[in-house]
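Two complexes follow with chain A in common, the first pairing it with chain B and the second with chain C.
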Partner chain A sequence: MRLEIGNINIKDVQLGNETKVEKGVLYVNQEELAKVTGDDERIASVEVYLAKPGEETRIIPVKDVIEPRVKVSGSGGIFPGFISKVDTVGEGRTHVLKGAAVVTTGKIVGFQEGIIDMSGPGAEYTPFSKTLNIVVKVDPIDGLHQHEHEAVVRLAGFRAAAYIGEAGRNVEPDDVQVYETKPLLEQAAEYPNLPKVAYVYMLQTQGLLHDTYVYGVDAKRIIPTLIYPTEVMDGAIVSGNCVSACDKNPTYVHQNSPVIHDLYELHGKEINFIGCVITNENVTLADKERSSNMTAKLVELIGAEAVIISEEGFGNPDADLVMNCRKIEKKGIKTVLITDEYAGQDGASQSLADSTPEGDAVVTAGNANEVITLPPMKTVIGYPEVADVIAGGSAGSLKEDGSITAEIQVITGATNELGFNYLTAKGL
Partner chain B sequence: MKPILITNNPLVWQTYPESIQIKGSFREVLLRARDGIHRGQRLITHPLTGSLKPNQTPYKSIILDEEPGNQAIDLVSLQMIEKSLATVDKLGPIKVQLTAKMLEDYQVIDLSFIESAWDSLRPLGIKTR
Partner chain C sequence: MKKIVHYINQFYAGIGGEDKADHKPEVREGHVGPGMAFAQALKDEASIVATVVCGDSYFNENIDSALPEVLDMIKSHNPDLVIVGPAFNAGRYGMACGAVAKGVSETLGIPVVGGLYPENPGADMYKRYGYFLETGNSAAGMRKAVAAMSSLALKLLRGEEIGSPEAEGYIPKGIRKNYFAKERGSKRAVDMLLAKIKGESFTTEYPMPVFDRVDPAPAVKDITKAKIALVSSGGPVPKGNPDRIESSSATKYGKYSLEGINDFTSANGETAHGGYDPVYANEDLDRVLPVDVLREMAANGEIGSLHEYWYATVGNGTSVANSKKFAAEIAQDLLAAGVDAVILTST
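== the complex of A and B ==
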């Protein structure tokens, strides 16, 4: 499967009469965007805001971040199973409004997490302080149950991103990147002397505000399966989770998975990237055993010699991570794990809720318990009135001046386990 | 399989009247689960379901399998509950003031994990209420 990603570099975003891209500036018709986004009888109102890098703006609570893309050739459309029919995606050509992002905010539950600061110390922790954000604030009709409310806000974000992405359909991209994974036997034969590497992509799948969808299917209900990495870039995997926002993958991160991009970067040079297995993180131990058995079997079946495994979340998924690692290693296949840590505010405690001796090559995305003070911002988009009940905060976390003291787990993407974050470690 | 549901979540008590009601903390639910494991019960659900940490939500529901007559200790369950208790102790107590709306939402989310588990058990013909 071969996909061309045409990046249209967006240098600025402005509100305008027509939604279009002109000389690197994305103009958005606010009214039209609100209308498309709010096209659901369960939505009472939609407000549109812009938030740009460097501004004294805070967005809270962030539910999802989505990159505007449009499918210009090849089968299927963006977000198959939700916005487009369930045709297979991942081939042909897709245009990306690079640098722009749709951010959804909605008050689904009473505890608020997911903060993006566009400047100040918090901005250094979230990758979405560097994107030109079009924020859609979605208010539902009264009396909507939490499950339905979550779906309403999630789908509104996809509609908004698809609407904005359309603006890139007839624009000549600034650069075109080609990503290709061939059918397995062909791919294995292409670089016979390079180690065959597969990617095990773990998806958060536990329940309300803890779910992920693949081609419109709740990923709790899948058994692990193979997916072409390029399918992910066209929105085959979308997010339905944001609790403890530091280590959850917003849809934007799925569309831009650094693990997939880095594996493609080394493909044909140091490794033969033969494919991707998606698996879940369900609540029952039988599901965990079944999924990890299946995952280990699949990576063996495709002939992988080494595997990268990324986790999404902490606690319950640590058990899945450990099972995947142990069972794959038992088959003689090397693993490298990517996770983050809840090592206590001083970083001195055990990092994960589970462990295994086979997990001897682990990359960390940072300690989510680290404490930060976010200064007050001039503008707060979303629902600032409830910022004092941030689940990752400490007592009195919202001060009178509007500053927030909390663990970095409240910041969207701070310890992202696909590596889509800024935390790093340097040798002294 | 004979699932038993132990919970300190009033919404789960209400939804599943046969559940074992723990009038205590998150940690006490785990301790009760550990007692069961010592008597031969096995964990059906992971003790640390959800991204809400034990120092954020007060609610926890766990499903165990109580196979009649079984007294053998399942070491996988034992290890998992001990590691989970260690995580609870590491993270410490809840530090924020919980509002009525937060408590309600935490209950709904905890219930959704149990619903998610029953969905997984449905093919086995397990009676859920």
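== the complex of A and C ==
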């Protein structure tokens, strides 16, 4: 599969009469965006805000972050199985409004969701303080069941991103990147002297606000399977999770899946990047055993000599990570793991809930329990009072002056385990 | 010039050996004993403004009064950093140095530099509270220890980044500390994988932990006579979460009465846990805390009785240290109540 990604660099975003891109400025028609986003009888209200880097703005609670993209050529459309039909994507050409992002917020569903600060110390921890954010605050009608509430807001975000992405359809991109992985036997033959590397892409699937979707299917219902790396860039994998927002993958991170991009950097030079195995993180032991068995088998079947395994979440999924590592290493295939840590606020406790001696090569995205104080912001989009109940916050996290003292666990993307962020930890 | 206070024992102060180990805390201006060598190594960047001396026996036998006294003496000189020892493999001296380091870091919040032989009991107990340079096991290693300790002290005083235990030579504190790396995580993973493929050396960013394994307790002899308690890390709490147990990284647990509860419904219970889909637990908390079934079993004589309280915390992201603390307290309470067996539920 060969995909061209055309990046249209967005330098500013403004509200305007027409949704369009002109000279690097994205103009958004607020009413139209609200109408498209709110096109669901279960939605009571949609409000649109802008949040730009450096502004004294806080967004809370953040549910998802999505990059506006549009499929220009090739089969299928963006977010197959949700916005577009379930055609296979990952070929042809896709335009990206680079630098812009849709952020969804609204009433809390459970103990969920994250915080994005556009300036101050919190901004250093989230990748989404650097994007020009179009924030849609989506509130549902009363009496909606939690599962439905989550789905309603998730889908609203995809509609918003797809609507904005359309503005890039006929714009000449600033740069075009080409990504290609061929059918397996061809790909293996193309670089016979380079080590064959695959990516084991673990998807969070523990239930409400912990789910991930692949071509519209709840990934807890899949058994591990193969996917071309470029399919992900067209939104084949989307997020339905944000609890402990530091290490859950917003849709934006799947669209820009960093291990995939960094493996492509070396593809044909130092490695032969032959493909991805996607697997899940279900909660029962039988599911964990089945999925890790299948994952190890697929990695072996495609002839990979080495893999990167990325986790999503912590605690219970540590068991999936360790099973995947052990079973793949037992087949003589080398592994590197990406995880994050829950070492306690003082950093003195064990960081993982499971362990294996085969896990001798680990990249850490940092200790999520470390405490931070986020100063008051001039503008708060959303509902600041949830700081006391979201994962990583505690009673009294939100102070009278509007500052928040909580674990960095509350910050969207702070310890991202796809390796999207720069935070890490060391032993003192 | 930066100010340092030095803590040493009666032996290094030249007061005497074991026979003088009951020497009470005293403070002297300037440097004393090994402080001379430190003063030279610190040159004109920092000076030892005072030396606190205490006998090892006195300190360890009267720690409740001796430590505050020592801390007051240190505090009165308003130092920027404290040096303790080096104590090499002297056990009681090492323990005293460690306790002073803990006290200083907790009450004054300034850095502490010490020197210990890794097997000194003070090392394991107090390594978290200061930078303890690894020394030889006797005072024969004094010169080397002073040089290393002074160098690290100056780095700390200059506000320089402190490297890894291996690079700097201090005993690992067992603490994980965040920082921003130059490359993003995915790039570091790819680089590490390349090194691993090529058989080159690489350093894992997180050495996998080694866990305590708990042997299962022997079977309950007669379950029909046993008093059973329920303890859960699945966050089952009375409706409204009265203790506001955190949805992640719990700092507390709750003890709740089961009086009058034969069955949970959405009206009398919920989960505080943020790490799983709470919908089903909120509908019927018996799914996490099986009170309904145990009530039936008690009524049928299948178990002796159900303990009148349940204990709940949230396991989600909660540190091992907090979990151990909760467990120790809960276990004491269960023992005091004559509970014979516990059903631990998680999620």
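The rule is simple: the second predicted complex is superposed on the first by the 411 of 428 C-alpha atoms of A that agree within 3 Å, B and C clash if a C-alpha of one lies under 4 Å from a C-alpha of the other, contacts with A are read in each partner's own complex, and residues count from 1 in each chain.
Criterion: a residue touches a chain if its C-beta (ideal position, glycine included) is under 8 Å from a C-beta of that chain, and two chains touch if they have at least 3 such contacts.
The model shown is predicted, which means the values in this text are computed figures rather than measured ones.
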| item | value |
| --- | --- |
| Combined model on chain A where chain B meets chain C, clash or fit | clash |
| Contacts of A:229 with chain B and chain C, given as first, second, both or neither | neither |
| Partner contacting more residues of chain A (chain B vs chain C) | C |
| Touching partner for A:425 - first (chain B), second (chain C), both, neither | second |
| Partner chain(s) touched by A:220 [first = chain B, second = chain C, both, neither] | first |
| Partner chain in contact with A:288 - chain B first, chain C second, else both or neither | first |
| Which of chain B and chain C A:241 touches, first, second, both or neither | first |
| Touched partner set for A:208, first chain B, second chain C, both or neither | both |
| Partner chain in contact with A:314 - chain B first, chain C second, else both or neither | both |
| Which superposed partner A:147 touches (first chain B, second chain C, both, neither) | both |
| Which superposed partner A:38 touches (first chain B, second chain C, both, neither) | neither |
| Chain C-contacting residues of chain A that also contact chain B | 110-111, 146-147, 206-210, 243-244, 283, 314-316, 342, 344, 349-350, 389-395 |
| For the chain B and chain A complex, residues of the former touching the latter | 43-46, 48-53, 56-57, 63, 76-77, 80, 83-84, 86-87, 90-91, 95-99, 101-102, 104-106, 108-109, 112-113, 115-117, 119-121 |
| Contact set on chain C toward chain A in their complex | 128, 162, 164-165, 172-190, 192-194, 196-197, 202, 204-211, 244, 246-249, 251, 272-279, 315-322, 347 |
| Chain B-touching residues of chain A, taken from the complex the two chains share | 109-111, 146-147, 204, 206-210, 220-221, 241, 243-244, 248, 282-288, 313-316, 318-319, 342, 344, 349-350, 353-354, 389-395, 397 |
| Complex interface listing, chain A residues touching chain C | 110-112, 124, 145-147, 195, 197, 206-210, 243-244, 258-259, 261-263, 265-266, 270-271, 283, 305-308, 310, 314-316, 334, 336, 338-339, 341-352, 355-357, 359-370, 388-395, 407-409, 416-428 |
